[in-house]
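The letters A, B, C and D name the chains in turn, as written, and every chain counts its residues from 1.
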Amino acid sequence: MTDIEIVERLKRDLGPEALEVTNPDRRRIFLKVGSGDLVAAVTLLRDKYDCAYLATISGVDKGETFEILYHFASPAANINVRTEVPKASPHIDSITAVIPGAILYERELQDMFGLVVDRIPDPRPLVVPDDWPAGNFPLRKDWKFERPPEIIPGGKS
Amino acid sequence: MLNKLVRWSRIKSPWILHLNSGACNACDIEIVAALTPRFDVERFGVLLKATPRHADVIVASGPVTRQIKDRIIRIYDQVPDPKFVIAVGACAMSGCVYRGAYNIMGGIDQVIPVNVYVPGCPARPDAILDAVVKLLGKL
Amino acid sequence: MAVLRTFLYLLVYPGLLFLFVYSTFCEWFDRKVYARLQNRMGPTHTGRFGLLQPIADFVKLLAKEDIVPEAADKSLFSLLPVFGLAVVSTAALLLPVWNFDLAAPGMTSFSGDIIVILYLLSLPTLILFLAAWSSTNLFSTIGGSRVLTMLFGYEVPLFLSVLSPAILANSWRLAEIAAFYQKKPLLILPNLLGFVIALIAVQAKLERTPFDIPHAETEIVGGTFTEYSGKKLAFFRLMMDIELVVASGLLAAVFLGGFPGGAIIGFVHFVIKTLFIIFLLALLRALTSRIRVDQVVRLAWKYLAPLAVLQLLIVILLKGFLK
Amino acid sequence: MKFQIPIGPQHPALKEPISLRMTVEGEVIRDADIRLGYNHRGLEKLAEEKTWIQNIYLTERICGICSHSHATCFVQGVEKLMEIVPPKRGLYIRYLVSELERVHSHLLWLGVAGHEAGFDSFFMYTWRDREIVMDLLELISGNRVHYAINTLGGVRRDVDEGQKAKILEGIATLRKRSEYYFHIGANEPSFVGRIAGVGLLTKEQAVSLCAVGPTARASGITRDVRKEDPYAVYDEMDFEVGTADSCDVLGRVVVRVKELLESYKIIEQILHKLPAGDIVVKAPRKAKPNEVVSRYEAPRGENMHYIKSNGTDKPERLKVRAPTLANYPATVEMLRHGFIADIPLIFAAIDPCICCAERTVSLVNVRNGEETTVRLSDLRRRAIEQHKNAPPKRNAVWPF
C-alpha cells in the first residue's frame, strides 16, 4: 500500500470525521480528528490498518489549545493522529481500552501538561518527584522555573 | 604502629559502592569497565560492593535529581566511617548539560560532601582509577 | 608446661594464628585463581603478589565503624560472628594434620571425629541463618530463608558421600581413614564419584557460585550480610575463609589419602592437597552461573543424593568383595 | 506469607536508579510495581531553551550507552526540518558509528546478563572484547562513550584508509569471539537453566503492550525500523532481522547475538561501499515552522523523536520516546509469577536504559491486585486472559 492509497482510504473510511489528512513526507501520514472521534479513529486504525503498535503520544502546548499526537506505526506507514483540546477544559478520552500499552504515555500527558484523561484505568495522580508541588505542569509554555541557589562547598555561598 | 597498620590497610583495600543519582549511564558503564580485564581495579584491592554497609568509598555519578536527593543522604549515612566520596563525571561535579533543568539540584556536592572530583564526560576508566589512587594517597 | 603447650596449640599452631594466616592465604589463592581464569590479574599490589590483600581487608574492616541496626536483636547480632569463628576454628583442630600419630591419639583425634567435624561444619550455616534473621533487614531475611532451604538440599549428599570412604576404611576416625588410604592408594579410585559429589556439596556449603544464592548481590543486595559492617563482617569473612580451609582439609583427608609423613612432610601434603581442592572449587566457581534456589534443591535430591547412595552401594559391595 | 521487597533505587542489579516494588510470597513474585522518577531530569523542557546545535549534544547525553542513537535520531529529524541533505559519505560514516555502537551495546548487554545471572566469567570475557569496539569508536571519533560525531548536515570526522583497515580487522576478531559466546550462552547448562523459560512474553502480549526491539523480536515480531522504514543508508544494505520465538530471556540472548552478527555484516558493507566526497554540508541556523517524526532503530528498540519547529533557532517541542519506556508494561507482565532470583535477569533482558526512559516521564505501572480488582479495567482483564494462554513452561527443566 502506498502513501497515497492510505490517504485515500483513510478519507473514505473516516468520511467527515477526518478533518485533515496530509502526507508531508515518505511514509509519514498526519490525520486530524476531533477529540470526540478519537477512540473510534484509533479502533479503526488498529483493526483495519494494522496499527496495533502505538509508538508514543506527544503533547504540544499551542497557547490556547493542547495538541495531542498519537504516533502509530505499521509496516506500511507511520500514521500520526492529531487532535486538539482547549486549554480551558483539557479533557481527552483514554485509548487504553483499545491499546493497553498506551497507559504510560497517557500518564505522562497527565503529569506534564495537566490534561485530564477520562476513563484511564489507573488515574492516580502522578507527579514527578514525590514532593512535587501540585498544579505545576512543566511542559506548559507558561510554566516558569526558578533554579534553587547553589552552595559552593568549602567556599563562599 | 597500630595507626600505621590501619592506614596501610585502608589504602590497600578500598571497597567501592557505585551510586547513580540520575546519570546518563555513560559514567556508570565506565565505572563498570574499570572492573573488567583491561583496567582491572582488583589489582589495587578495589572491590565493588553491593551494600553501603560494606563500602568505604562511594563512587557517585550523575547530577542529583529531586527525587533521589533524600535517598543519597540515606545511603551516605549507611556507610560506616571513615568514608569517602568520589564524584565521577561533569554531571556529578556541576550538573553538566543538565544544569538548570527543573528537576536537577546540581552536582553531588550539593547534597553530600565530596572528596575527589573526576572531570570528563564521561570520565575514562583510567581517570577513575587515578582518582581512587590519588584519594588514597591523601590519607 | 602442658598448660603452655595447650595455649600454644590453641593460639599459635594449629590454633587461631596459624589458621588466620593460612585461611587468608587460601582466600588470596582463590581470588587469584578466579581472577586469572577471568583474564584478570587479581590482587597484585598489596605485599608481594598481593599476598597481603585479605589481611589488609581484615584489618581495614576491624578499624571501621561498627553499625548495629536499631531494629536488630543486638546481643544475638553481635555474638554470632564470634560464635561462628569459634565453631569453625574448633572444627579445624580436628583435622588429622596436627595429630598424625596414630599410636598416641591427642585430645582432638578420636573415633567418631569425622561425625563431629561434619556437624561442626553444619553449625556455620545455622549461624548465618540466625545472623540474617536477627538483622531484620528484608534482604537478609530472604537470604536467611535461602540459607536454610539450601541446607536441606546439600547436607544429605555431603554426609552420604563423605561417609562412604569411612565405611570402606572401616573407621570413624579421620586419621585412621587417611592411614587406610595411604596403605592402599588404589582404593581411592572407587570413591571418585563421591569426591565429585562432595566437591559440589562443599561448594554449596561455602555459598560460592553457582550456589551463592543466599548473598546473591544482584538479587538481594548483600543477602545474609547486608546489615553487617566493620568488625562483625571481618569475623564473618574470616569464618568463611576458615570454613573453606576446613572443608577442603576434610575432603583431602577423606578422599585424597590424608597427610602422611610426620609434621613437616604431612604439612606439605596438607598445603598441596587443600590448594588443589580450592583450585577445583575456584574452577567450578568461574565456570558456572548462579542457579535458583529451587534448582539447587532439585539438583541435590534428583541427582546428588541418588548418586551418593549409588556411591555407598558401590563401596559396600566392594567391601564385601575385598573380604 | 506475603511481603513487599523494594528493589532499588540503589541496588546492585540496577546500574541506574529505579524502584521496583515486588510483592512476594516466599520466592515467588505475586505483583510488581515500577516507580520511576529517580532519574528524571526534565530534558524536554531544557531542550526548548537550547539551539539546534546545542540540542545535539544534549540529546547525546540522554543516555550514555545509546548516545549516538538519540543524537542521530534528532539530527535526522532536524535535517528534514531544515531541508538539507547530508552528503553520502557523511551518512555512511554516521551509520557506521551507529552500527559499531550497536555492537558495543549488545556486547555490554551480554556481559550484564551474565553478571545478573552470577556468571561473572562471561561478564569479564565479553567486556574484555567490548574494549575492542570501544577502541574502534575512539579511533573514529576520539571519544569512548559520547562520540559527538554528528552534526547538522553530516558528521564531524572523516575515516581514512588506515582506520578502515583497523575496523575490518577488529570486526573479524569480534565475529569469531561472538560466535564463541553464542555457543557458551546457548549451551552452558547452569546459564541456560537460569534463562530458558524465564520471563515469558507471548506474541499477543508483546503486541498489545507495544513492546519494541529485541524484546518484541524474541516474541516473534519482526519489527525493525531499519527494515520496515529504511532510513538513510539501510535500503542499500543487505541484512536480516533476527527473531526468535521462544519468548523468554534465552530468546532475547539469541536475538541479540544474531543482531551482533548482522551488524558485523552491515559494518563490512558500509566500509566496502564507502563513497568518496564531502562529509558535511553547511546547515542553516534556523528551521522553518514544521514538524517531523524521526524514527531510528536503537540497540534497545525503536527510538522516536517528534520535533516541532517554530521558525527560530530553537525547537518548539522535542518529544523523545526511548525504547525502554515502551518495554516497561511488558516487563511488569514478565515479572509476575516469576521468582525473586529472576528479577535481575528479566529486568536486564529488556536492556533497561532508565536514563533514556526518564528524561521527562514519571509513572507507576498498571497495578494488579486488591486495589484494581474493584474497578476491573479492560487492560487487567486482557492481561489475565493472555496469561492463562501462556504455554506452561514457567519452570525450566534442569538440563543435566
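As a convention for this text, a contact is a pair of C-beta atoms (placed from the backbone, for glycine too) under 8 Å apart; a residue touches a chain by one contact, two chains touch by 3 or more.
Just so you know, these numbers come straight off a predicted model, no measurement behind them.
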Hop count on the shortest chain-contact route linking chain B and chain D comes to 1
Set A-D beside C-D; more C-beta pairs touch across A-D
Expressed in whole Å, how far the mean CA point of chain A lies from that of chain C is 61
Chain centres from averaged Cα atoms put chain A and chain D apart, in whole Å, by 23
The distance between the C-alpha centres of chain C and chain D, rounded to whole Å, is 43
For the pair chain A and chain B, the C-alpha centroid-to-centroid distance in angstrom is 39
Chain B residues touching 2+ other chains are 36-37, 50-51, 65-67, 100, 102-103
Shared-interface residues of chain A (touching two or more other chains) are 128-130, 138, 145
By the touch definition above, chain D meets two or more other chains at residues 12, 37, 40, 42, 45, 124-125, 128
Chains touch one another in the pairs A-B, A-D, B-C, B-D, C-D
Given the complex, residues on chain D that touch chain A span 37, 40, 42, 44-45, 80, 207-212, 223, 228-229, 290, 292-293, 295, 302, 304, 306, 308, 316-317, 319, 321, 325-326, 328-329, 360-367, 372, 375, 377-380, 382-383
As the complex stands, chain B meets chain A at residues 65-67, 100, 102-103, 105-106, 109-110, 113-114
Within their complex, chain A touches chain B through residues 128-132, 138, 145, 147-148, 150-151, 153
Touching chain D in the complex, chain C uses residues 37-40, 138-139, 142, 145, 209-210, 212-213, 216-221, 286-295, 298-299, 302-303
In the complex, the residues of chain A that touch chain D are 24-25, 27-28, 52-56, 58-61, 69, 71, 73, 75, 78, 80, 96-97, 99-104, 107-108, 111-112, 121-122, 124, 126-130, 138-139, 145
